[in-house]
Structures are given as structure tokens and as C-alpha cells.
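A, B, C and D label the chains in the order they appear, each numbered from 1.
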Amino acid sequence: MIKVGIIGGAGYTGGELIRLLLNHPEAEISFVQSRSQAGKKLYSSHNDLLGETEMEFVPEWHSDLDVLFLCMGHGDSMKFMEANQVDDSVKIIDLAHDYRLDDSKVYGLPELNREATKSANFVANPGCFATAIELALLPLAHNGMLKEVHVSGTTGSTGAGVMPSDSTHFSWRNNNISTYKEFQHQHLAEIRKSLMQYQPWFENNINFVPYRGNFTRGILISAYQYCEWPLEEAVRVYKEYYDGHPFTWVTDSPLDVKQVVNTNKCFIHLQMHNGYLMVQSAIDNLLKGASGQAVQNMNLMFGLEETTGLKLKASAF
Amino acid sequence: MIKVGIIGGAGYTGGELIRLLLNHPEAEISFVQSRSQAGKKLYSSHNDLLGETEMEFVPEWHSDLDVLFLCMGHGDSMKFMEANQVDDSVKIIDLAHDYRLDDSKVYGLPELNREATKSANFVANPGCFATAIELALLPLAHNGMLKEVHVSGTTGSTGAGVMPSDSTHFSWRNNNISTYKEFQHQHLAEIRKSLMQYQPWFENNINFVPYRGNFTRGILISAYQYCEWPLEEAVRVYKEYYDGHPFTWVTDSPLDVKQVVNTNKCFIHLQMHNGYLMVQSAIDNLLKGASGQAVQNMNLMFGLEETTGLKLKASAF
Amino acid sequence: MIKVGIIGGAGYTGGELIRLLLNHPEAEISFVQSRSQAGKKLYSSHNDLLGETEMEFVPEWHSDLDVLFLCMGHGDSMKFMEANQVDDSVKIIDLAHDYRLDDSKVYGLPELNREATKSANFVANPGCFATAIELALLPLAHNGMLKEVHVSGTTGSTGAGVMPSDSTHFSWRNNNISTYKEFQHQHLAEIRKSLMQYQPWFENNINFVPYRGNFTRGILISAYQYCEWPLEEAVRVYKEYYDGHPFTWVTDSPLDVKQVVNTNKCFIHLQMHNGYLMVQSAIDNLLKGASGQAVQNMNLMFGLEETTGLKLKASAF
Amino acid sequence: MIKVGIIGGAGYTGGELIRLLLNHPEAEISFVQSRSQAGKKLYSSHNDLLGETEMEFVPEWHSDLDVLFLCMGHGDSMKFMEANQVDDSVKIIDLAHDYRLDDSKVYGLPELNREATKSANFVANPGCFATAIELALLPLAHNGMLKEVHVSGTTGSTGAGVMPSDSTHFSWRNNNISTYKEFQHQHLAEIRKSLMQYQPWFENNINFVPYRGNFTRGILISAYQYCEWPLEEAVRVYKEYYDGHPFTWVTDSPLDVKQVVNTNKCFIHLQMHNGYLMVQSAIDNLLKGASGQAVQNMNLMFGLEETTGLKLKASAF
């Protein structure tokens, strides 16, 4: 059994990780650290866990572990690494953005870096919008076909975290839609870096308009760029690229985000219009976009079947 | 024109009051006071008001006024009245719960106290759940028929105010339902007092289970008690009681809360089952349950037609 | 008083028109025709109207009228006009798409064709997405600055009408998002025609990805294209263009769709990124995008103040 | 491996059953019958299943099986049983209401009839509201303490099935709430029968006001009745009654429905007010209220650990 520690377990990604690991056949949770909830049952914060475990949050961590997940706020992972000495024998998976641009770490998108992840000691887990957009564009970059691209995408509210704020106030967000960080989303840097791993000369704009959706889970993005391929060729290339990747599927049917909610899957759908290839992708922002992908990376790092513990029932509705 | 001042105009009831008064043909807003927003445009907090007014929030109030609306948090109205001297010539309408049990003030439910309101100098505007439940039960009390009553009711999130909190976090509240303050809702006291105005010997339980709904506006309640009347008689009594009240209507059709959302109406629907008379009522918690009723009271206090400025288009969807 | 007839009054746009006209000070409804609901009270279909009117749907229409609104399904207006002889003295406002490309009719977007509308006998009322996109782009076209444009936009479910369908099934649509008619939305033709009224040589793509939102009312669109103007100049041009138009406002603040829901307003917000001018607009699809604009057109056709009967309280939440 | 057949696999309960069984370690799906979808992939109706299975719906069924699930509309199970000869060796689990009152079948609520289910050949799977209300009241009946009870409860829209209708139209249901079948819900008969299994002399009213919620999954009910027990005793009795039942848990914390959504759990919470014991319960209507409980019954009927294939990750948000 893989011994797991979790730092910052009271937030959304921490909770989701606990949910996954409690049912994971090859992993066991050693501790869940939380400064704010130390001494309380896990199910005091994550109420659905009643009946699953009597484990409590602890204030301190230890390194009698195989793998440590960092689930703190952005910026806090780096502080943690500077303040603490983690044994070399402990692998680390960081869910924050702190190390995603750091070339000494492996960027943990299995559809891009599966082999490198298998031998990695430190994996920087991708961002949620980054995962959706990269999976939509990687096959193009892989073929050197990437051009200026136009992306619109909508995210569920859980992407904004557990702290209440004006933009997650129910009275405001319900029945509403709005944009934020237009053309300047913080994931654009890791997206560009990942695409340039295949197509280093890529210098065009990635024009991205992110929307706040009035749903809780999921991301749907639509990206289009000029492409000389006929649609059939594009579909063939995409299916070939994702062949052997157990979570990412090219669908011939129209996409809606609930097809993948509460799963670790990414669905991709292609169309051709006005000379543009339009690629859509859908993920669950907390699973394939965060904690699910973190477990997928753990599986790879420990030589397990990639899907272990991740065959999740879609909520579908 | 009635000169109006608003204390605490940055919250939900203050905003709703501004929306109503800007279109009111017989009233004009003298000032909108807000400590937190002073110096900013009204539309900086209430964005929909762009194009309606260039008025700004002011830090201080004055009494060159005909009527003053108090739209602060519960408890702050009493503090305001203690700290300030309001001219006798200025009528006051308080939207908080501070004076609702005070016998020296008029409790401003027009369907109960219309005549008293017309000559009142200080009106305590009823609570939202209180309005819905009282309108469902007053005709029974009026006939001395009130017995132990069982009430379930669901409120929209705007009832919880503008400050973000755990129970108004979109990620929690969306697609969710829960109860709160079961059998102990703070409106029960004013409900009992209002019913006893007609039936002073009433001592039975008002058993009330309040639900938090995952919608923003509106309250739907279902109340039932034993009643010897056949349904037809009950309907007749209710229609007679509300005859001449322009906002409260007995409907023969099934009720849903969106029938009254964004209006000042209350719809009431009656059924008879198991020997119980079931009475349902629906209101918009911010209008008939707060600011709309406050304007209705203002109209009465100044001798205007009760519906002036309150013929609102239902949003319906 | 303007005598009004409505053909097809049981649907969403018909109902919204009734709600507006019942409160319109210069219009009175002569009849509301509906094949399916003839003989029933208006409030049997539009339940919120209880207490507003006892009027019934009628099976037939007559032409003792000043203006006739056609609120039927797309295609049925043309059938109606072919099968019926409407007196020349009766002005017609058609809410379907049947005549929007017909050069012999006036396309009723007041911000484009206000003067022509004043003397029109037949107005083709614009589509909802068309209204939002045209208002976002007209000032560019007016200055001959229109280039290839990239548009994403999300519409509420009421745009899909009253007939239940798979894509308006609550179990599917709730908490979901999806696209439809990508790059091929049926409003693109009227959008292009309207823009070419100012910039006849415009031949570039209007790339439009429409989304189905999980809300009921409203449209928010984001459009961007290359533009040499600095942002300040763009804002100046837009404010100048809409100066004197009482419903369309350029806002300096971030936009969300609930700022305009249940009003006849359009809010526009501008940003500049990557050399692109991004223009966002928000409307209520049933009001400025349908029945509200129809009443606005009626006001113009009968020499009334453009805002008569259209000073609506925003629902805001 | 248990060989499973499903009749009527294109609806909601059929789909949910497929989702569960595809991940069940001891069962394999032999066929999924559907008249309307025969010849199409399962993922053509249940889109989330892309990547899980290439199985197609079939038009006919066969009895080379261990267990047959009937997932048709109410009334069709009886027709199926009359028209077909099912081998005695094939166990049957019926998800419709057709046999729930039939004394020759086992009513499949494991918390009531676990032992009988283990040896049953035909199990009538309980209704969704029935499951929630029975689990809230069984410990009282078990102690002969049941009295007249007052129940309010709210169900998600999936309870109304896949066929679009007025009451599941998104434009109507979103942001709305309403009641239906007040005091007359069709599950009351099976609820009474189940409670009388413990307390045969029970003849009082079960007063039940069902609400349609604007969410998709889940049921939350609140039931109260007079009870002499102090709260601590009631909690003790409930915990004792459900001891050893792996899905039903008494929680000391406030309940909301998302704590159990997308799981097979039932959470129960107790309070005492006005001399009333209030019991709340929450389930997922499609899982513990339908297909999850059906699999739980299958596990019992085939001697498996009751939780096999049912350790589901809560969606939580």
C-alpha cells in the first residue's frame, strides 16, 4: 500500500483527494493535515465522509510516507518547500500553480508527459483550465499545426475555492454569467509552455475569454484556429494521439459538460467551420482538472495501472 | 412629491427600495445613506441602476424629508433611533425586526392594519416569512378558527443578505436544499402576535420548518390545520377577507413561487385533505416580504393609491 | 389609447408582451388570439397575471386596431400574412424571423433604424442574439472599422420557447453548459445585413459560438476584433454612438447578465487586449431581445416617448 | 460473475444501473434491452459511458441470466411478467411500483427486510420518497412509537423521468419551487405497509407535502411527531437500529442533500422541538432511492458483501 500524506486537506481539492483515496485499492491515507481544522473529524468539513472514516485532521505532518500531496492555496506550496525538509524518498505532487513553470519539475499532464511522470519525484499538477485547453490543442501542436487560437470557456464555481466571496455569492452567481481575467488568465503561461514542448516556435496569441458559469463542477471550452486538414483527418489525428490514454476520448456526438462531471475523463469533440477547426473539450475541474489527475499521476509514479481508483460513476445529471 | 431618505442603502432591501422609488410617480429620493459606500454612485453597488440615476451614496442623513426608510441590519434601527433625533414631521418605515413587537408602533401588514397604517408615524415593516405565513393564516384567525398549525416553507437566498457566508456560498447552495432554525425561526413571535390580534386566545403551536432553497427570490409556504369548513367555504372566506386588498389573491390553480417573483403580490391557494385545510402562499421576499411592502405602507401613510409605483412586471421565468 | 391586437399570445414572447402592455399608459389590449388557449383566461397560461386582468384568449382576430403584434413561431408570420388581409391602417410588428431580411420592411432595431421605424407600417423585430451582437458591433461598422470578429455568447433557456424538448429538460440543462449551431446560428444573416447597412463592403467572417446557459433569461456576448483605436477612443466612439438612445449604455464596470435581466436595457463594456478590442453586451432575451423591443418600436411608430411603459424594475437577483 | 439483464435501459434508472454494474466487480451485463434505442450504443443515450463500453441496446431479452432488472415505466413490469415466461432460476428485481404492495414479493428495503431479501427470487425495489420516509420512521415503528406524522419533502427533477414535460421544463422549474400530489403521493401506500410491518396497529395519518425542487438529484425530507423520548434516547434508538447497516447513518450535524448525492447512502438527523421529535433523512433518489438500492438488493440476493460495487465517490458539490 502506498502511504499518503495530504497537506491542506480542508479545501476543495483536498476533500476531493480524500474521497478518491479512501476508495483507492493501493493507497492508504496516513494523515490529513489542516491548520484550521486540526483535531476535528474529516467529516466535520467534508460531511459526505460520515460513514467512510473516523480519521481526524492533524496539525503537523511527518515524512514516514511514500507520497505527499500539497493542496494549499497558490503560493503556499513554495513556502512549504522552503520551510520544510522532505525526505528524498517521499514523492511530491503539488496541486498549486507554484512549480508548473519550473523546468526541474515534471508537469503532470499524463497525455503529454506520461513517461517522465513515471520516474518523477516531484510532479506539478496542471491547472483546471490549463488541462482542458491543453488537451484540446496538444494534437495540433504535436503536428506543428498550432496557429493563433480563439478560446472561450466556462468554469464551475468550485474552481474559485472554499472561501466565500462576492463572485461565489449564490444571490449573485445563480442564474448569472460573467467573464473574468479576459485574455489574461493565469493558466495561459503553463498552456503556452506545454504546447511549445511540441512546437517550440509557437509565438501566436492564445486568445482566451474565461466565463464564470452558474454551475458547481466542470469546464467546457471551445477553441478554434485555421487548419488545412479536412475534419476526418483532424478526427483521425486526435484519436491517434489519445489512443492508449484511458481518460481522454474523442466523441462524435455533441458535448455537454455533465457527460464528464464527477469523472476523471476528458471528452473532445471536433467540428470544421469557416475554414476553422473547432475543438471542444470538457472535464470536471476538481477531478481531471485537479485531484483526479493528481491520483492519476500518483498511479503512474508508483507503477500502477493508470486508472486505479479512478473508475468513477458519472453523476450524469 | 414625497421626499424620501434611505438609511443603509447598499444592501439588498435598500437596493430594492431604490429601484422601486426611482420609478414611483409621487416620490423622489432625497438621499441614500451608506457608511461603506459613501461617495460612490448608487450604480457602483446596484449595477443595474446605470442609466437610471447619477445619484451617489452619502455618509450623513438629514431630516428635510417626508419619510425615512431604515434598511440596516437587524438591531441597528434601534441604535439609530437612540443616537439620532428625527423630527416629528418625518414618518419612519423600519425594515428591520427591531420594532415589530413594539405596541407603540404600527405593524405594517396592510392586510391586517391598513387603517392604522394610514395615520401611523412609525411603521415596523413585517419580516418576509412572517408576511407569507400571516397572509396564509389571517382569515382563519379572523374567524377564530386558528388551531395548531404545521408549516413548511422555503426561502430564496436573498433573505440571507449581501454578506457572503457558508450558507450562501454558490458551491454549497446550488443544487442543494437544507433546513435551518427548525421550529425556532425568529419571525414566529411577530406571526403569533399578528394572529392574536384577531384571536387573542390562540395558544397552540405554530410548527414551522424553514428550508433554504437554491433560488434567489421568493418564498413558498404550505400550512395546514384541522378545519371543519368544507373547501368551498374556506375559499369563500379567504376571498372575502382579501377583497379590496390589491396585492393578495386567492388562486384556484396550483401555485409556484415564480408566479409572484419580482412583484408585490401574494398568491394564496387552498386545498382540503385528511380533514386538514392546507393553505399555501407565495411572495417575493424582497418585495411583498420587504421593500415592496414598505412602499405600499408609504403609499398608505401619504394617502396615495395603495398600488402606486408597485405595478411591476413579473419576471415569470 | 393605441388599440393593440396580439396573434399567438400563449407563448413566451406573447406573454411578455401582455405583461408590458397591461402596464403601458398609452396602449390597451383589444384581444389576445391563441388557437390552443382560446376561451381560457390569460392567467391560465400566464399565471402571474391573476389579479391583473380577466381577459380571455380568443380564437379569431379582427382589424379594428392600431397595431397588430405577431408572436407566432418562425415561419407562421408569413403564412398569416398570406392567408389574411390586414387593413393598411393597422401597423404590424412581427416578432418572428420571417421578414427580417425583407428590404421592404423596417428592421426594428431603434439604435440602427429609429427614424425609419417612426414612419414604418411593418416592423420586423430583431432576434435576441442578433440584438446583442449588433449593439456590440454597430459603432465599429458605423466607423467602417469592422473586421473579422470572434463572438462567444450564452443564452437563457427561454430563447428556446415554451414547448418542452430534450435541450430544455431540467434534468439535462440544470448545472450544464453546451454549444449549438456553432458558426451557423440563424441570426447571422440579419446581423450581417445590419452591419452592412453602415459598412457595405464588409465581407469577413463573423465567427459565432453560441452556448446554451443554465439560466432562464438573458444573453451575454463577448466579441473581439483587431482595432487600432486605443481603448479610450473606442469608449468615446461607443458612448457617442449610443448618446440619446435611452436603453443602451456603455458601462465602465465588469458586466454580468443579471444587471439587465427583466429590463429593456442593453449594457456594453469595452476592453483592449492583445491588440483586440473586446466588446461585451448583455440584454434580456425576452425584452430588449424580443417583446420589450417590440414595445419600444410601437412607441416610436406612434410618436410616443421611446421609454413609455418600459421603465422596468430590474430583478437584479 | 453474476450475469445481469436489464429491461428498459434507456431511462434514468436503467442508465444509473448500467453505470453501477459496469464497475461492479462481481457482475457483468449480459444485455441491455430497449425498444426505442435497440441497435444503438449505450453511450448514444447515456453519453457519459463513452470509453466505458461499446455495448449496444438490444431489442429482445433472453433468460441465460442470473438476475433480471426491470427498469420500465410504472405498470409495464406487470405487463412484462404477464407476457413473458422468466425461468425460475432467474432472480428478478423490479424498480417500478407494480409489485411493492404484493405480499408474495419481498419489498427490497434492506434496512427492513435484509434477511428476506437474501433468499428472495423477486424483489420489489422501493420508491424514492418511500425509501427516505421509511428510513426516517422505521425505528419509531420498530418500537411501537409511531403516531400521526407530519412530513415535508423535496425531490430532484430526475424523479420525474426522462420524458420532457411542463413540470420539468427548465424555463419553468429553474429558480422555482412548487408542491404536487399533496397528502396523496403514490408512495404513501408502500410507506404505510412497511411501517405496519413493525407496528400493525398503526392507523394514523401520514401527512405528506411533497415539493418539486429545482435540483436534479436527491431527496430531503423532514418528519415530526409527538415522542416522549428525550433526544438522546431517540438518537440512541436510531443508531442502534441502523447499526450494521452500511449505508444508513445517523449524523449529529445539520443535514443538506448534497451530503449524499451520487452515493447509495442515507443520512438521518434528529432534533426535538415543541415536544415533537423531528427526523430528517436525505438520499439520492436515483441511487438509494432506485438503482443503487437495486444493486444493494442484488448483492444480498447473491450472498455478496452488501456494499460491493457501491462505494461511490460523493459529488459533494
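As a working rule, a contact is a pair of C-beta atoms (placed from the backbone, for glycine too) under 8 Å apart; a residue touches a chain by one contact, two chains touch by 3 or more.
Here the structure is a predicted model, which means the values were calculated and not measured.
With B-C and C-D as the two chain pairs, more C-beta contacts join B-C. Distances between chain centres, each the mean of the C-alpha atoms, put A farthest from chain B. Chain centres here are Cα means. That of chain B falls 33 Å from that of chain C.
A straight line joining the Cα centres of chain B and chain D is 40 Å long. Spacing of chain C relative to chain D, judged by their CA centroids, is 45 angstrom. Residue positions 12, 156, 158, 171, 174-175, 214-217, 256, 258, 261, 317 of chain C are each in touch with at least two other chains.
Contact residues on chain A toward chain C in their complex (touch as defined above): 150, 152, 154, 171-172, 174-180, 182-184, 205, 207, 209, 211, 213-218, 220, 222, 224, 254-258, 261, 271, 273-274, 276, 278, 280, 317. Those residues of chain C lying in contact with chain B across their complex are 12, 15-16, 19-20, 23, 44, 46-51, 156, 158, 174-175, 216-217, 246-247, 249, 251, 253, 256, 258-263, 265, 267, 286, 311-317.
Residues of chain B that touch chain A in their complex: 12, 156-158, 160, 162, 164-166, 168-171, 173-175, 214-216.
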